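Take a look at the following structure, please.
Per-chain numbering from 1; labels A, B, C and D assigned in written order.
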Amino acid sequence: MINKVVSGPEEAISDIENGQTLMLGGFGLCGIPENCINALVKKGVSGLTCISNNAGVDDFGIGLMLQQRQVKKMISSYVGENAEFERQLLSGELEVELIPQGTLATRCMAAGYGMPAIFTPAGVGTEVAEGKEVRNFNGKDYLMEYAFEADFALVKAWKGDTAGNLIFRSTSRNFNPVMAMAGKVTIAEVEELVEAGSLDPDHIHTPGVFVHRIFQGKGYEKRIEQRTVRTRN
Amino acid sequence: MINKVVSGPEEAISDIENGQTLMLGGFGLCGIPENCINALVKKGVSGLTCISNNAGVDDFGIGLMLQQRQVKKMISSYVGENAEFERQLLSGELEVELIPQGTLATRCMAAGYGMPAIFTPAGVGTEVAEGKEVRNFNGKDYLMEYAFEADFALVKAWKGDTAGNLIFRSTSRNFNPVMAMAGKVTIAEVEELVEAGSLDPDHIHTPGVFVHRIFQGKGYEKRIEQRTVRTRN
Amino acid sequence: MLDKNGIAKRIAKEIKDGYYVNLGIGIPTLVANYIPEGINVVLQSENGLLGMGPFPFEGEEDADLINAGKQTITTLPGSSIFDSALSFGMIRSQKIDLTILGAMEVSEYGDIANWKIPGKMVKGMGGAMDLVASAKNIIVAMQHVNKAGESKLLPSCTLPLTGVKCIKKIVTELAVLDVLPEGGFKLIERAPGVSVDYIRQATAGKLYADDDVPEMAFG
Amino acid sequence: MLDKNGIAKRIAKEIKDGYYVNLGIGIPTLVANYIPEGINVVLQSENGLLGMGPFPFEGEEDADLINAGKQTITTLPGSSIFDSALSFGMIRSQKIDLTILGAMEVSEYGDIANWKIPGKMVKGMGGAMDLVASAKNIIVAMQHVNKAGESKLLPSCTLPLTGVKCIKKIVTELAVLDVLPEGGFKLIERAPGVSVDYIRQATAGKLYADDDVPEMAFG
């Protein structure tokens, strides 16, 4: 097997440069590449275009990169819960492209599947459709949406092996597998890194061929955005 | 959970009618819905269009349906290894549409993902492209291929639960998950049927929402087409 | 006049045995509390889960297990996890039987606006545009009038659209209404004690009402 | 002049450390036997496997574990299983570094024909059209001439095409040749004891050869 292991987040992201396009896995704060984000903040790289469903909160996730003014443009489906984000957007410092969540996921998938474009009905007849090709199939209108291109995809998995195979846990899977397939370079951080051969081939969510670098992350905070509970009767 | 369990293959396929379009999972003889095929042979339904990567061998798999003249048309990528198939094809009794294997898989996936068409470079400049729309993206030509529509998808899984969730074993996964998503009615036969809640949600390959009927099959032969072995030194 | 729970309770009556259901944020989330006993329903959360259960008991929250509203949740037996692309794949291919979501405005042709108010901070559409564009059966849970007393059931939407000609049924604090294919709101049920005239006054779009519109019944 | 194993052995030299490789049926399958020691290579089987291992020991065959040639195989540590759509997804998105397959004819522009002989029973293209249309690096393993002694390296293919302008390198029993972007076969290496003139006679398409074409070296 091909060994993809790197020493840690610093080495993994060392060649990310100003102005590049990154995909970041996660939904809300769930399943985000915490170690890579922290390393990007430390490195101070800027002018980034970030493709991510959300933009974190003020003091966690992509919010940390926003505070450092490292992000030039966000491509997301939902960007609430972030005061600094709002300030930068209203002041014109930050550019935002909002696209439907399913379109976002499918454009990532399209890149991973080598499909240059896909058709979706999401956004037909709305401002999302402006400037886009509309095509009718079987009486229904669809927008043609292009596959994303990202210089790097940063994803977070639960377990991974030295060959780059990934297994995600529960709903922290979300955008991670489709983004893992879509990066020109894909960096995976995992809670537990094991030897190739330790994972059941039938359980693997992302085959190692899509992953270029992998490392075991440290100090996962896994912050909860909306803690909702019920009480025992 | 919604219970999808039916008594067996006879009940599962009872409303399949002459002239309908079926998808059948499997690659070669690996992971084919043996019980459903046997029930179709017994039922004697005919004039079928079968979407399946292969057409079985003379005395197993779809070959059994060919012997009974139940198949009007095969849509496949590879149809060797079948003398009766060849005879019917050359005599004009059987219609065959050969399409690239990746195109076949992706047209199934497109149906399951609600995408009316996809783009693939496979077949550009060949007779497969005849009559199809060619479109250039980033300097490369692609064919537009339509999502399949199938009245029924018949798939074979290793384990399944009463909610219709499926887990496949090793390379018997092949076309089964994409076809499971693509049938108007999807019938799953499994080697082991368990109660909902017995399977780890992270291990499920096909979510139950795609499966309409499920039953535990019997007497799996799992024939091997090319037995290749090495000798111990 | 119904409160939010009343709206949720009335909508719950629309859920049939064997349905896969996607619940939006707000009132739709409350619908889960009123699903009739003996009915088997599977809730989808579009971040990648079928078989969503109730909130966890205190101390049992799992940061890796959240719903589309980012709330900690649980799974029920028979649940399955998948990535976001497959999640919207099943939405586009209409495997979800019923979608319930909120709205700022609905037009008499079934257009819906629920994601953007020009001049205000825009948070994004999330999965709403995918859901309304694909779902075969959508119920809108909304207030009939806004805080300024203006109708939210309009001849045409004034806010940027989320989707066009996609809403077929609306449940508000005042009424249950169908959107007619040829345009117009058809009054199906009145909230307890609310008159047809009251509803007519609160509805800016065309309203069609029979002489005898029944009051809502609850289970 | 090389036998089939010789062709496979020469092709194996093109495999670099860290490559993901797809091997077609026939001579390409033999290449697996000659992958240099110390080189880490992962073999893909397009039915849905990365990390294909050797044939199983007798008695250990598993009907659920086969390769694209329907042969019983094994997996190596670090292997992964996936469905056929994802398998061709990774082929289309060029995650496979090298594809090795057989051919009936190759044209001097890199067109390939390997799936159909008009008037004969057609078995189908399987995954060949997907592979040649997508792979960034394809090596053809083939006989230089057919049984009738006619060249299979042609100005243009006479058989129905599998793909156009996609082949960049060919290894035959006689030679290693590159296909030039502007058209024509460039002779890179001769099989041991085979002269340039012999190769020229066996090549119907344009052949370019330097004065001093080296003999193939093996390991």
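In this text, contacts are C-beta pairs under 8 Å (C-beta built on N, C-alpha and C of every residue); 3 or more make two chains touch, one makes a residue touch a chain.
Quick caveat: nothing in here was measured; it's all calculated off a predicted structure.
If you take chain A and chain C together, the chains in touch with both are B. Distance between chain centres (mean CA atoms), chain B to chain D: 29 Å.
Each chain gets one centre point, the mean of its Cα atoms, and the points for chain A and chain D are 36 Å apart.
Chain B has its Cα centroid 33 Å from the Cα centroid of chain A.
Centre-to-centre separation between chain C and chain D, using Cα means, comes to 56 Å. Residue numbers of chain B whose C-beta contacts span two or more other chains: 106, 113-115, 120, 168-170, 173, 201-202. Each of residues 49, 75, 81-82, 85, 88-89, 91-92, 134 in chain D touches at least two other chains.
Checking each pair of chains for touch leaves A-B, A-C, A-D, B-C, B-D.
Within the complex, the chain C residues that touch chain B are 18, 20, 40-42, 44, 49-51, 75-82, 85-86, 89-96, 134. Interface residues of chain A, counted against chain D in their complex, comprise 1-3, 111-115, 161-163, 165, 181, 195-197, 201-202, 204, 207-210. On the chain B side of its complex with chain D, the touching residues are 27-31, 53, 76-80, 86, 89-90, 98, 100-106, 108-109, 120-128, 158, 168-178, 205, 222-232.
Of all residues in chain B, those touching chain A in their complex are 106, 113-120, 137-138, 140, 142, 146, 167-170, 173, 201-203. Taken together, the chain D residues at the contact with chain B in this complex read 45-49, 54-67, 69-73, 75, 81-85, 87-89, 91-92, 111, 121-130, 133-134, 160-165.
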